[in-house]
Amino acid sequence: MLEIRFHGRGGQGAVVASELLAQAAFLDGKRPQSFPFFGVERRGAPVTAYCRIDDREVRLRTSITRPDIVVVLEPGLLRAGSAMEGLKPDGILLVNSREEPAALPAPAGVRRASVDATTIALTHGLGTPMMPIVNTAILGALAAASGAVSLGALEQAIDRFVPAHPAENRAAARDGAAAVRVAPPLTAGHSRGASSAVARAPPLELPDAPMAVASSATIATAAWRTLRPEIDQRRCTRCNFCWKFCPDVAIELNAEGFPVVHLEHCKGCGICAAECPPGAIAMVAEG
Amino acid sequence: MVKLTIPATELVRPGHAACPGCGPALAMRLLLKGLGPRTVLSMPACCWTVIATPYPTTALGVALLDNPIESTGASISGIRAAVDALAIPDVTVVGFAGDGGTADIGLQALSGMLERRTNAIYVMYDNEAYMNTGIQRSGATPEGAWTTTTPVGGAGRGKPERKKDIMGIVLAHRPVYAATLNPSFPEDFVRKAAKAREIAGPRFLHVFAPCPPGWRYSSEETIEIGRLATDTGVFPLYEVADGHLRLTRRLSSLKPIGEYLGRQGRYAHLTPEERARLQAEVRSGWERILREDASGSPGGPFSSRSSHAATKGDTVEAA
Amino acid sequence: MTQIVMSGNSAQSYAALLARVQVIAAYPITPQTTIVEKLAEFVANGRLAAQYLQVESEHSALQSVVSASALGARTYTATSSQGLLLMHEVLHWASGLRVPVVMGVVNRAVAPPWSIGADHADTIAQRDTGWIQFYAESNQEVLDTVLEAYRIAEDPAVRLPAMVTEDAFYLSHTVEPVDVPSAETVDAFLPAREVRAILVPGVPARLGSFTGPIEYVGFRRDVARAMERVLPTLAAVEEDYARRTGRDHGGPLPTYRTEDADAVLLTMGTATTTARAVIDALREEGHRVGLAKLRVFRPFPVEAVRALAASVDRIGVLDRSFTFGPTGAAAMEVRSALYDASPRPLVSDFVAGIGGRDITPEAITRMFALLEGPEPPELTWIDLAAPEASADG
């Protein structure tokens, strides 16, 4: 049995990717299973989806904690740290990234693969620069890099189950398959990134009543972001519009009244840039 | 030192879990700037349940009680009763609920709270659909808007029915203060919240709250869409105090509604005829407000309505 | 202490008065109405300094006292039947938030068809909501138990909501003498609420919240643990109450003439009184029968039932409602408590008194006849036929 875990963000199509993979595997004659992590999905928030592929009926109804393959729909999600949790030592890490796979952090033994699915998706008109729809491109790459499904079955599944732009999505899958690059595993001495051990937390000590008193400011939402605001102080008139309108309380005014963006909390919505009267804020892509 | 036009104090904390560009998140931030730290909020199931972050953290710098989706009105009556019984000084009791939790399933509790004249502020943030459950239509969804339960395609043309007039329903209860607020106008927003706080009796704030995924637009457009809502007459800004209606943003002319509709994917399917019909609706609504503004009292079916005011409404314009 | 001839409903109101409740909210429903009317009177004439909320539904009644309790107020509400069913969602909120709300419930049948007769279906349907449930037999017990319920519900070891129930009309509208303790006695027994883990204006905190599975299961387990601490707390509270008032209602499962009994009938609420008289009569005839009153249904007094079972061969259970499962709810609990007992007594369930049907001495005598007979049935619906026309009818 092959266990594949997808990491994306709300609205990006990770759940659809996992389902499409399952449909394709079924067309290959396999017995697939796919389901999302049942959380509260907000656009931009990290989400997880699971896909199992076997020759026989899948007899497990649990989340995947020891995946054979981890698929990351966007490199920013590697910053969140949990993507590689539990990845098997001989597993595969596939990331949507412009970078060479050899530059990807990974535990020893893991085969690393990368594909620039964002560029492929945008070339075919799928999604917007802020929210490109990369799932079909990365599924093509997955088919080529892992053999989990055949490219033919994937294209067939896209044709049947993707209601919008099936032709463009099929083309994106083919381009993804052609463009994926694979780097050899790192040896033990050179590995980076999360270890593959699954952490076991001690039993919880809870108060009597469900009363939350800690501040949410301890939660970083930087990984939600695909674009980052950059403020050109020379053009800033200190009108503080950006501060007034930021829904994420991510902008503070410094002693001189200039805005400072707290990147750990900025979600990259672009409001500050859109509302800045002199146009002193630019939204730039996260690396 | 730069001059700020709204208070610097932040009672919404960063790290919250709203979508990028979330109107309700900004609305809460502005609201609490006006209401201050001695606010006790009661909140039903809605997007903000999630935005406030899971246990053990909270995104609000005030006391917050969760309540079932339909009982916000009753919850704030109970909180107010406890605050009065225990003689806790200087507390602002606030219900904060979505349009579904207010205008649909929570309408009975809201009516009860207004009728028994609970000394509290009820805030309805209006993202015009059930968003927390994934964009299903509510009574407050506007006519023509796409939602997942008013699909477009085949016979589907978006929501066939008109938006429920929550302000009309509320004003029929004669609250001491009621106002419409829009986060695209932060100074007016904070002023109304602060003003509501100073008045005793049942108060209601109808807050416009754009939602990028639910309305299908790109997150950076939240503020501009809000501005257009008011400047096209879709969401006029006014307040009713002491039984008198007063426009707080006067317009010499309305922008064409197409500027507002055209920015949102939920209206993308509308034909020119359908747009024209919505335009006519908005115009007649706006004219009614103008008449009421001129006559100084809410007219229409509630022409006799006046409120039991506890404090004289002030006439201070936005800073 | 004074003796006043009063109804069960008045006993609820007097208890709330003596408890110096601070927030009351209620919506009228027969036969609960006189409870809240009396309380409105107490508030209006200044005897009780409470906020009285005129709400538009039972749902809002419970919600408003739950929210008031979350801010530290001592609260009271009362309802019955349909009203309790409407409260169902908020019942879970009360226990989950750990607010010590106390509620009077007049047990009444649920519609359809409409019926205002006594029946336990309303409260039995709420057995899994995390509320402590007391079933009272007399107006005296109603008054005493409401006061005890506040002590238990507010005890830091417990912090769970509690309902004190009384049968429609058999108590709610029956007047009988009740000893009313003095305000000083009650103030000493039940001081002002000690407040813990509540919302404080000006202090950022979120009560309720939402969680993933890991914390969620922990909080559910907390409620279960608190429930386990109810009976030990009840024992201590009753002892204190007895010291101050001389009255002790005998814990969760008081018994009557069970010492040498072969067959014991388990009852809830007002059927108990009649059953006691029947037992005396049967004893005269030489039957070795006894009685146990299930005074607390949640938490279920498993240990007390096991102790009782150790000495009897047959247990009859009188259920004044039906679950539409295999048996009535009390019989199911008794059977489950005795699964590991050895020797295990036979358990026979009698469903009686549904929809306000009288539970007559004859009906109880018939239950004992079946229970002592050669093959006691697993389940018997007593009194399905219309009663015989009485001689003077």
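We call the chains A, B and C, going by the order they appear; numbering starts again at 1 in every chain.
The working rule: contacts are C-beta pairs under 8 Å (C-beta built on N, C-alpha and C of every residue); 3 or more make two chains touch, one makes a residue touch a chain.
The structure presented is a predicted model; accordingly, all values stated were derived computationally and were not measured.
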Which chain would you call central, comparing Cα centres to the global Cα centre? B
Name the chain pair with more contacting C-beta pairs, choosing from A-C and B-C. B-C
Quick one: chain A and chain B, Cα centre-to-centre, how many Å? 34
CA centroids of chain A and chain C: separation to the nearest Å works out as 54
Length of the line joining the C-alpha centres of chain B and chain C, rounded to whole Å: 44
When you check chain C against every other chain, which residues touch at least two of them? 204-212, 215
Pull out every residue in chain A that's touching 2 or more other chains. 40, 210, 212-213, 215
So which stretches of chain B touch two or more other chains? 50, 52, 54-56, 58
Chain B partner contacts - residues on chain A that touch it in the complex: 10-11, 40, 42-45, 128, 130, 210, 212-221, 224-225, 238, 240, 244-250, 253, 257, 262, 264-265, 267-271, 273-275, 283
Taking the touch rule as given, give the residues of chain B at its contact with chain A in the complex, in rising order. 1-2, 4-6, 8, 10, 12-23, 25-26, 29, 50-59, 132, 183, 186, 212-213, 218-224
Interfacial residue positions of chain C with respect to chain B in the complex: 22-23, 25, 49-51, 53-57, 59-61, 63-73, 75, 89-90, 93, 199-212, 215
Partner chain C, residues of chain B touching it in the complex: 37-40, 42, 49-50, 52, 54-56, 58, 60-68, 70-71, 73-79, 81-86, 88, 90-91, 108-109, 111-112, 115-116
Chain A residues within the chain C interface of the complex: 39-40, 201, 204, 206-213, 215
